[in-house]
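What follows is a single structure, and I will ask about it in a moment.
In this document, chain identifiers A, B, C and D correspond to the written order of the chains, with residue numbering beginning at 1 in each.
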Amino acid sequence: MEPSLKKRIFGILEPGDEDSKYFDPFIMSLIVLNVVVVVLETVQWLYVRYVPLFHAFDVFSVAVFSVEYLLRLWSSTEDPRYYNHSSLSGRLRFMVSPMALVDLFAVLPFYLPFIIPELRFVRAVRLFRLFRVMKLARYSDSLQTFIDVLRLKKDELGLIFFTIMILLIISSSLMYEAEHEAQPDAFSSIPAAMWWGIVTLATVGYGDMFPITPLGKLIGSVVVILGIGLFALPTGMLASGFAEVVQARKEAKERKGMVCPHCGRVIEGQLVDTICTAREDAREEGRKK
Amino acid sequence: MEPSLKKRIFGILEPGDEDSKYFDPFIMSLIVLNVVVVVLETVQWLYVRYVPLFHAFDVFSVAVFSVEYLLRLWSSTEDPRYYNHSSLSGRLRFMVSPMALVDLFAVLPFYLPFIIPELRFVRAVRLFRLFRVMKLARYSDSLQTFIDVLRLKKDELGLIFFTIMILLIISSSLMYEAEHEAQPDAFSSIPAAMWWGIVTLATVGYGDMFPITPLGKLIGSVVVILGIGLFALPTGMLASGFAEVVQARKEAKERKGMVCPHCGRVIEGQLVDTICTAREDAREEGRKK
Amino acid sequence: MEPSLKKRIFGILEPGDEDSKYFDPFIMSLIVLNVVVVVLETVQWLYVRYVPLFHAFDVFSVAVFSVEYLLRLWSSTEDPRYYNHSSLSGRLRFMVSPMALVDLFAVLPFYLPFIIPELRFVRAVRLFRLFRVMKLARYSDSLQTFIDVLRLKKDELGLIFFTIMILLIISSSLMYEAEHEAQPDAFSSIPAAMWWGIVTLATVGYGDMFPITPLGKLIGSVVVILGIGLFALPTGMLASGFAEVVQARKEAKERKGMVCPHCGRVIEGQLVDTICTAREDAREEGRKK
Amino acid sequence: MEPSLKKRIFGILEPGDEDSKYFDPFIMSLIVLNVVVVVLETVQWLYVRYVPLFHAFDVFSVAVFSVEYLLRLWSSTEDPRYYNHSSLSGRLRFMVSPMALVDLFAVLPFYLPFIIPELRFVRAVRLFRLFRVMKLARYSDSLQTFIDVLRLKKDELGLIFFTIMILLIISSSLMYEAEHEAQPDAFSSIPAAMWWGIVTLATVGYGDMFPITPLGKLIGSVVVILGIGLFALPTGMLASGFAEVVQARKEAKERKGMVCPHCGRVIEGQLVDTICTAREDAREEGRKK
């Protein structure tokens, strides 16, 4: 027996299937091209020259993404996650899922000016088209990996972030006191001095603000020596978190068949378990709120 | 039997209790707001516009923090750490504890100008209000974690710091010799050249000082290649120390009930033990001095 | 019985043999000298002064490298990798091997202008002489180690690279929107703003582009704090990958005699096995294409 | 029986003994003060004001260090390392030991101008006084730790250094080709462009040289993304090497009594053994040369 049209469309739309071997690369290329076009449109001479092309491509993309969204909405009743619900309740649940919202926001900015004409002249609306890049999240583990890493290391990262903030405020205030009189324009207030603090602690050092008094240079030296280790700490934590998560994924892949009852992903190995538990906890907390 | 008023107030003031579920967030918000106000006050137009508001907020904060300090002092006899002492001796011991000193210094700058009127015009007094941020230490493990990490890695960090200092002095002296003639204003002395050394070795590179002679550029290249690894080393050490301490904390949390006889914190697991021993050693050294 | 001349020449040309104890250092010095000469030739006064010397050295180098290439081609039939093939087919297989192509491209730019005279005036042809540095790859494990490390960590590096690209595009677009009006020349388009993004996220911070508006500085601060950890992540991964590969090599060296059937290198130990398998997989993929 | 005067003086001069509890801090303070004086002397107004003081201090330091050197030379026959030799041969062996050479070079620059009067006017002679800081090496494990770390990681560091050099040459050459026409003064030759390469790859970014053409910016972006990970790699290696060496030292300290037959230091644990073997190998290599 042939599968129903709805089932087949669902299969095509879901990533990673045999059915979607033509659809996946097509939609991914379209997303990447959209990002490239938004970036290139801001180059004056390119925009002037190819404005009809840019416009046509935008209309075509919105058309494809709109049809994709509607088909996803229609076939969402085939999704095991919304299986046990009535077709309306299941579709509503699908509509508020993160990826469905991303799909909606990817096309909405195009239709909005037709409803609220004033928006037509707001330049920043263009930026919302960059939001389409989020559609790639469906095809990549990247985002999920990052969320897992952040969740695994949230205690350490929180501590460091808090300490960095305090160091930043204290060092910027000291520098403001030391340099305000010598450079009243550059170090005009503590918030202004905090721009110096961030640019220095991150070792970017543009050179638009730096101490010129001996006291300011002394404070700057101490801050730099104390602070740089601190600013670079999160990297070390992310790196080790990343290694742990990727390792757990690899181990999990080798033991296919076992599926986590919480998140529907392959598991086994202590860490994956930890991640799943953490994810479950996070969800439960979300539910309580 | 109802607990005494003193006991109840002690319970409210101590962080993390059920009794303090309203007090803790209130005092923490007040501390954070104080920091925000000190920072924003330095913005000229904000200060001009809201000067009465800023002043009123400062008076209110000092009033709250003063009452808090007096209540803590009064109820400190309920603290198990000062239990076995007479009420006067126990309160004196409380007064010289680090957190009590922080509480005192958080309000003292406000009262001092009433006693020594000359201080009213010293701008830097304002900075002491930033000291209030230290009151947060009571509610956060952050500071304690850092102290633990530094204690665990003090040998390595000391070695590196010593080596960095020597590299800094040698490279700055060489650069001074190489650039002094070509840029007598920028590289006017070895201490001046050390500002170049710190800004370069930390990879900040403001661009206010850099070698322009071929010899200077050659020395700069060698220093950069040799020195950057050195300057970034403490980060790696802090990162691994952090991971070890956080790991030990997590393990300790899971085995609640066992308490370190030295520092009154939950223990078990080799590292926590090491930390406690290190802490005890440090205390003993302090006592000897 | 004396080995044939071809066998002896093959032995001399292959690195690391007793026979090549004079040839290896000679050819390596010549390669390094070639790089030094290409670099020094661009210094105007040196070029003017020593132009005949530079030219003579280039002719001499090309002569040596050409003879070396021809001898390698002739003696390649002694190579066990091309043993079981007919002498023509074996030599053709040798010619398309990576190192043989490097040897060819190292001398080709010298001969090309004789065939296509127009190339004589193309300045960039000179750069191709830098390609000779690749000939060192035969004498160093460096390149192979790097390829092994990249292969081992390709999943993590891919994820990070993808995330960095997205962060770069989003932050550059936001900065463009914030700064375009205040600095229309510097932030003229999103591609122009991406130069700011790369220079900032990599913490280079030349100081040729930086935000001057409050909104721009706010966006810059968030981007710097979020992004630097990300940009430094690959280093952590490479470092651990490097350590693993070097460790595996050391272990392998101690168990001489066992040779990987895939890549002809000494093996044993799980990781070396993984590397060999990965290498084999990569080759198979290459074959399929 | 009282120990002989020579034995007592040897005991006082050797660091870490009960006998040297007054001498060690004195000589260390004198060394540090010498460095501080060399640094401060270059500050014009300080030098003008305190020139007799600076001179007197230098004479005093040289006197102390000279007497120290002669006493060390005289008492060196008590050193177990020079025990089995005749008193002349033992003293000669002591004179060519690294620390004795450091002691000699620390005072020699003072006496040289009396022998060769022309040296009196060579400004750089002053720099040699900085060499006195090396005398601290006797009292610190710092230098030895670094040498151990470098020895342990010499393979990895060599590989990385080689790769960095190649990347530096290639990227500087490409940048030279791209920017030479637009900025003939800044990118005047490949060696000049290499200053850009080092400053960029090390993420210092002074802002004295940066690409301005689109092609240059593109090359710069690729170089920055590829190269930064590479430049930061040695730090990761040093960090892990450091951790291993410090760990091995700690373990060794706990098992006092066992002494390495090669280097006379406490051993046990595989790593310490490895370090000792490496040290022995290095010495043997040195002997062969």
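Note that a contact is a pair of C-beta atoms (placed from the backbone, for glycine too) under 8 Å apart; a residue touches a chain by one contact, two chains touch by 3 or more.
Keep in mind that what you see is a predicted model, and the values were worked out from it rather than measured.
Among the other chains, the CA centroid farthest from that of chain D is the one of A.
Where chain B touches chain D, under half of the residue numbers in use are shared by the two copies, so each contributes mostly different positions. Remark: chain B and chain C have CA centroids separated by 46 Å (rounded to whole angstrom). With centres defined as mean CA coordinates, chain C is found 33 Å away from chain A. The residues of chain B that reach two or more other chains are 194, 203-207, 232, 235-236, 240, listed in rising order. Taken together, the touching pairs cover every possible pairing of the chains.
Against chain B, in their complex, chain D makes its touches with residues 35, 38-40, 42-44, 123-124, 127, 130, 133, 136, 140-142, 145-146, 164, 194-195, 198-199, 202-208, 231-232, 234-236, 238-240, 242-243, 246.
For chain C in complex with chain A, the residues that touch the partner chain are 155-156, 159-160, 162-163, 166, 169-170, 173-174, 176-177, 188-191, 194, 200, 203-207, 210, 217, 220-221, 224-225, 228-230, 232-233, 235-237, 240.
Residue ranges of chain D in contact with chain A, taken from their complex: 203-207.
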